[in-house]
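Chains: A, B, C and D, in written order; residue numbering restarts at 1 for each.
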Amino acid sequence: MRLALIGAGRIGKVHAQAIDAHPDARLVAVADYHIAAAEALAQQFGARVIDAEAAFEDAEVDAILIASSTPTHADYLERAARSGKAVLCEKPIALDLARTGEALQVLEAHPVTCALGFNRRHDPQFASLKRAVVEGRIGELETLTIISRDPAPPPAEYVAASGGLFRDMMIHDFDMARWLLDEPITHVQATGSCLIDPAIGEAGDVDTAMVTLTTASGRLCHINNSRRACYGYDQRIEAFGSAGMLEAQNETATRLRFTGEGGQVEEKPHWFFLERYAAAYAREIDDFVTAWKEQRSPLTDATDGLEALRLAEAAVRSLEEGRRIALADIH
Amino acid sequence: MRLALIGAGRIGKVHAQAIDAHPDARLVAVADYHIAAAEALAQQFGARVIDAEAAFEDAEVDAILIASSTPTHADYLERAARSGKAVLCEKPIALDLARTGEALQVLEAHPVTCALGFNRRHDPQFASLKRAVVEGRIGELETLTIISRDPAPPPAEYVAASGGLFRDMMIHDFDMARWLLDEPITHVQATGSCLIDPAIGEAGDVDTAMVTLTTASGRLCHINNSRRACYGYDQRIEAFGSAGMLEAQNETATRLRFTGEGGQVEEKPHWFFLERYAAAYAREIDDFVTAWKEQRSPLTDATDGLEALRLAEAAVRSLEEGRRIALADIH
Amino acid sequence: MRLALIGAGRIGKVHAQAIDAHPDARLVAVADYHIAAAEALAQQFGARVIDAEAAFEDAEVDAILIASSTPTHADYLERAARSGKAVLCEKPIALDLARTGEALQVLEAHPVTCALGFNRRHDPQFASLKRAVVEGRIGELETLTIISRDPAPPPAEYVAASGGLFRDMMIHDFDMARWLLDEPITHVQATGSCLIDPAIGEAGDVDTAMVTLTTASGRLCHINNSRRACYGYDQRIEAFGSAGMLEAQNETATRLRFTGEGGQVEEKPHWFFLERYAAAYAREIDDFVTAWKEQRSPLTDATDGLEALRLAEAAVRSLEEGRRIALADIH
Amino acid sequence: MRLALIGAGRIGKVHAQAIDAHPDARLVAVADYHIAAAEALAQQFGARVIDAEAAFEDAEVDAILIASSTPTHADYLERAARSGKAVLCEKPIALDLARTGEALQVLEAHPVTCALGFNRRHDPQFASLKRAVVEGRIGELETLTIISRDPAPPPAEYVAASGGLFRDMMIHDFDMARWLLDEPITHVQATGSCLIDPAIGEAGDVDTAMVTLTTASGRLCHINNSRRACYGYDQRIEAFGSAGMLEAQNETATRLRFTGEGGQVEEKPHWFFLERYAAAYAREIDDFVTAWKEQRSPLTDATDGLEALRLAEAAVRSLEEGRRIALADIH
């Protein structure tokens, strides 16, 4: 698969690396409105610089990887579909349901291999947990707990443009919840506070939040988010069921342990997503390439993006109204 | 301290043992409407059998330990207060706020050393966690997570008489939350399902529940209850703050680990409260005896019983109405 | 069982406590050449002070617990046997094989219930490990590793009188090795250094040692001793076999974990034997009382004392001669 | 760095992969007496097939990676040195000291960048442990424990040709011991048994062994080897010192934990060296390339190969003679 990458920023670089390491994928072109960034990345991986617009028309390009800024995602996604290019789009498609829905309609009219960048589904540990749940290791799944904390809060101005904690950060957890609960979510309850950075509160957002989801059969899911964990990226999942419990624990660089007068000390968790999800990004590219070759759906697709956004919208409304929101009321 | 024990059932035996092991406490009398039970326990610890009514008038008795059935608690508590006896009362005082409030008024009019049986505050691990939070080890406390699962559900008929999951089981977690959050709780949100035993649902209760509490300053607390964990008694607490996280993990009988073809296997957690909280019961008696001698308040008192019950009432209402309940509305 | 305790020092107190807590044992008399110590302990547990000599003739005494200084052990043991009293003797019987052998002959001529104070066999975790090995959990046992480190070195003058590291400290590990290897040990190799306190070296002893034992069928056992571990009492055992491995890990007061900028921190191990082996001392008394009542052998007896001492003698000789010593050559 | 790889077997493939992934290294040629193997590997990485002899004369080749069978190592090493090529040689240089010594003399006469394949020094966890020791985290290092067990024994015929457990398997641990003890080793004591495969014993070797090393200042080191661990590749190191202890623990593919009726289960360790030391092989290439560019010594060199072999020879002799061997007597 010959890929053009649109967006040469931090996440673009991660994808470029993963593409380069994949035996069946090749980065052939890089686009960025910031030309120097595109040039640097193109040179590093032996690709050419391309104009974003041109990428969709380029016969040497099989697939587009959209890693540009959020407001451009939906347009690029539609263009890729209309050009018949496979597309891997960073989440979110858009920050509102209407725009996201339009993009889905274009995809429906112009079906292409389309993957959405919910990278965590590709994490080996979470994938093991999912497999064990599916295989019945814990019997009937009853409750799910997702803890997801960033090492440090973003600048308040980022927060404002990002759509807020539920749409920008917890969206990953909503997707994990959907994937693991494996049945329709019916209700959403949200609580949130601004405890870390008052500027986030002034921007109308929360930095600490707890959400409870209920599914059709009564499964319960707790999601726990914080914008700041001084010890690094806290990414844990607990799946509890009739026959046992599975816990995805935080990973560390090594398993070295020191024991001294102060206690028994192991390393703190990985600092952030680049370290924690390095393997997930590689597997995400592999799933995308393989899905394209086998003409099957990738592990996540545009619909997953829409549905996660619906949960975020429900959470926002629940927080505002102080009540349980039926997902059926979110369109 | 010379104690009379009212109630020679399972929890009464635990207390009798703890009293016997305490250097400054002595079990002098045992009462139970089931005489044979009282006799057996009295004989084991060199105490005499007494009529419950007589215990309050007995000059040889300094303190009453109420471990009889729930409907008798409030009456016995009031009688102890009126007789000027110190009293350690198993939770709950009563299953409704009105009756509980009356008992508190009697206690106010007749002040005696009064401890309430929220044994978990006396658990060495939770006590360590509390101390570390107070000492600022995690900076500002921001979120609290309490997981509390019983090994097996009680019979549905017990559930009906018990006041339901929130008043009977989660009441312990509400007390832990109050103790650790250390500031007024303002709002309660509850979700629950019946996933384990349909008879519990038919009795109008849930067996799986998640509750979110909010405090005056915006701290958030998640409580996670299940009536059945096949691996035993799951009792964990996570306190997360600006400078770190404390986790009270499940305890096991030994630290023996087996590594074989199936993986690395450690013991499952203690099966139930007798094993898990053995040390807590001993420390509870010690705190009670010491408080009585020093004329100070025990670690938990009747007010804690009332306040935990208010949270349970709020949770019940939240579950019914599907909305966040302001604690100020619960009287 | 009515016990007289000879020796009211640190270990005597531990035993007095364990006797007091046992439902079928009673401390009736305490002897100590330091009268005040005997009086204090006697008073604490409602016993009378007795002259050591008188204890053996006292018809109210069923059993003698010898917790006096090492040079008195063999004499008292013989007197107990000759008086027909059950006896629990702290290790070692004597510091040389000849004196130990004599005592054994007296015991053979005057058989009484005789237990030797190798308390670690009674530790719940090591007992679980033993049981798992016997039940075949690890298949054929092939290697055994015993790590045993004290928190701090004793004064050099103690070391001199104690018989040295192999006879005084590693003797416990030799007993564990014998118990777990469960077949004749044939060879001993020892290495040692003085790395902690030069005064120990000047007294002719080592403070750091490694010993390798070989059994008749070729099983290998490594024993690792240090007189000082800044983090506390390091007591671990690994049993490795054809079907897996068992590890007895260090125990801690609680399972509380802190995660912060410096890593994930759990408590250090218990500080010393009083904390680490509290349960073992209680179970040791229980085994002694039960063996006496059932007229069976206790878990450890005088022969175990002799055999452990033979291993210590072999280790001393191996260290001196720099070669593997056949145990058959040690008499 | 343009590399020619001699040997396209299992370990050759590992190196080819690591070279390919390194930004400054390129695999340009592959040689193997089994032509098809060379062709397959060459094609996979875009290299050409070359005759081993020709590689040394090829001006397009900067460095030789010797991954052929052991008997060819010394010759190829000398040829690389004489041709002025950098060389990374798999261990051992040869199975006897004399031949190894000759190769070292050639290297001395023809100095080139020469690295020896003691891959474990490059393992991130062991490297962290080494760094912590050097930085004084545990104060003065006093004892070292190295556990190293393979998942399954090799065929007895391999064992015969390999030089036996000490020269073939424990040689890695001797190198780790030298690296971590960081001062001259003076004495070696070895014990061993044949417990796993009688054919190994018939071939004159042991499959289970314990060795004790002593250093000039009295540090002690225990090495523990088994040819079979049913749970996988057991690779642990404990460094104990005056201020604490460092433990390199086994690593697992993920940190997923299952808790059920049978206990709390984590994954077993990685199965074998390809998984366990994947990162180490990458770092080994990086160290080699960087050493060559910077004209400095690699982390391990030919002298390390000789010295590890001397320890193996001493262990063989100690096992035969049943006594401590002074390393000074091994030439």
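Basically, contacts are C-beta pairs under 8 Å (C-beta built on N, C-alpha and C of every residue); 3 or more make two chains touch, one makes a residue touch a chain.
All of these numbers come straight from a predicted model, not from anything done at the bench.
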| item | value |
| --- | --- |
| Each chain counted as touching chain B and chain D at once | A, C |
| Contact-richer chain pair (by C-beta pairs counted) among A-B and B-C | A-B |
| Where chain B and chain C are represented by their mean Cα positions, the distance between them in whole Å | 41 |
| Residue list for chain B, restricted to those that touch at least two other chains | 230-231, 243-245, 259-261 |
| Interfacial residue positions of chain C with respect to chain A in the complex | 230-231, 252, 259-269 |
| List of chain C residues in touch with chain D within their complex | 139-140, 142-143, 145, 149, 187, 189, 191-196, 208-210, 212, 214, 217-220, 222, 224, 226, 228-231, 234, 240, 242-245, 322-324 |
| Complex interface listing, chain B residues touching chain C | 21, 124-125, 128-129, 132, 137-138, 243-251, 253-261 |
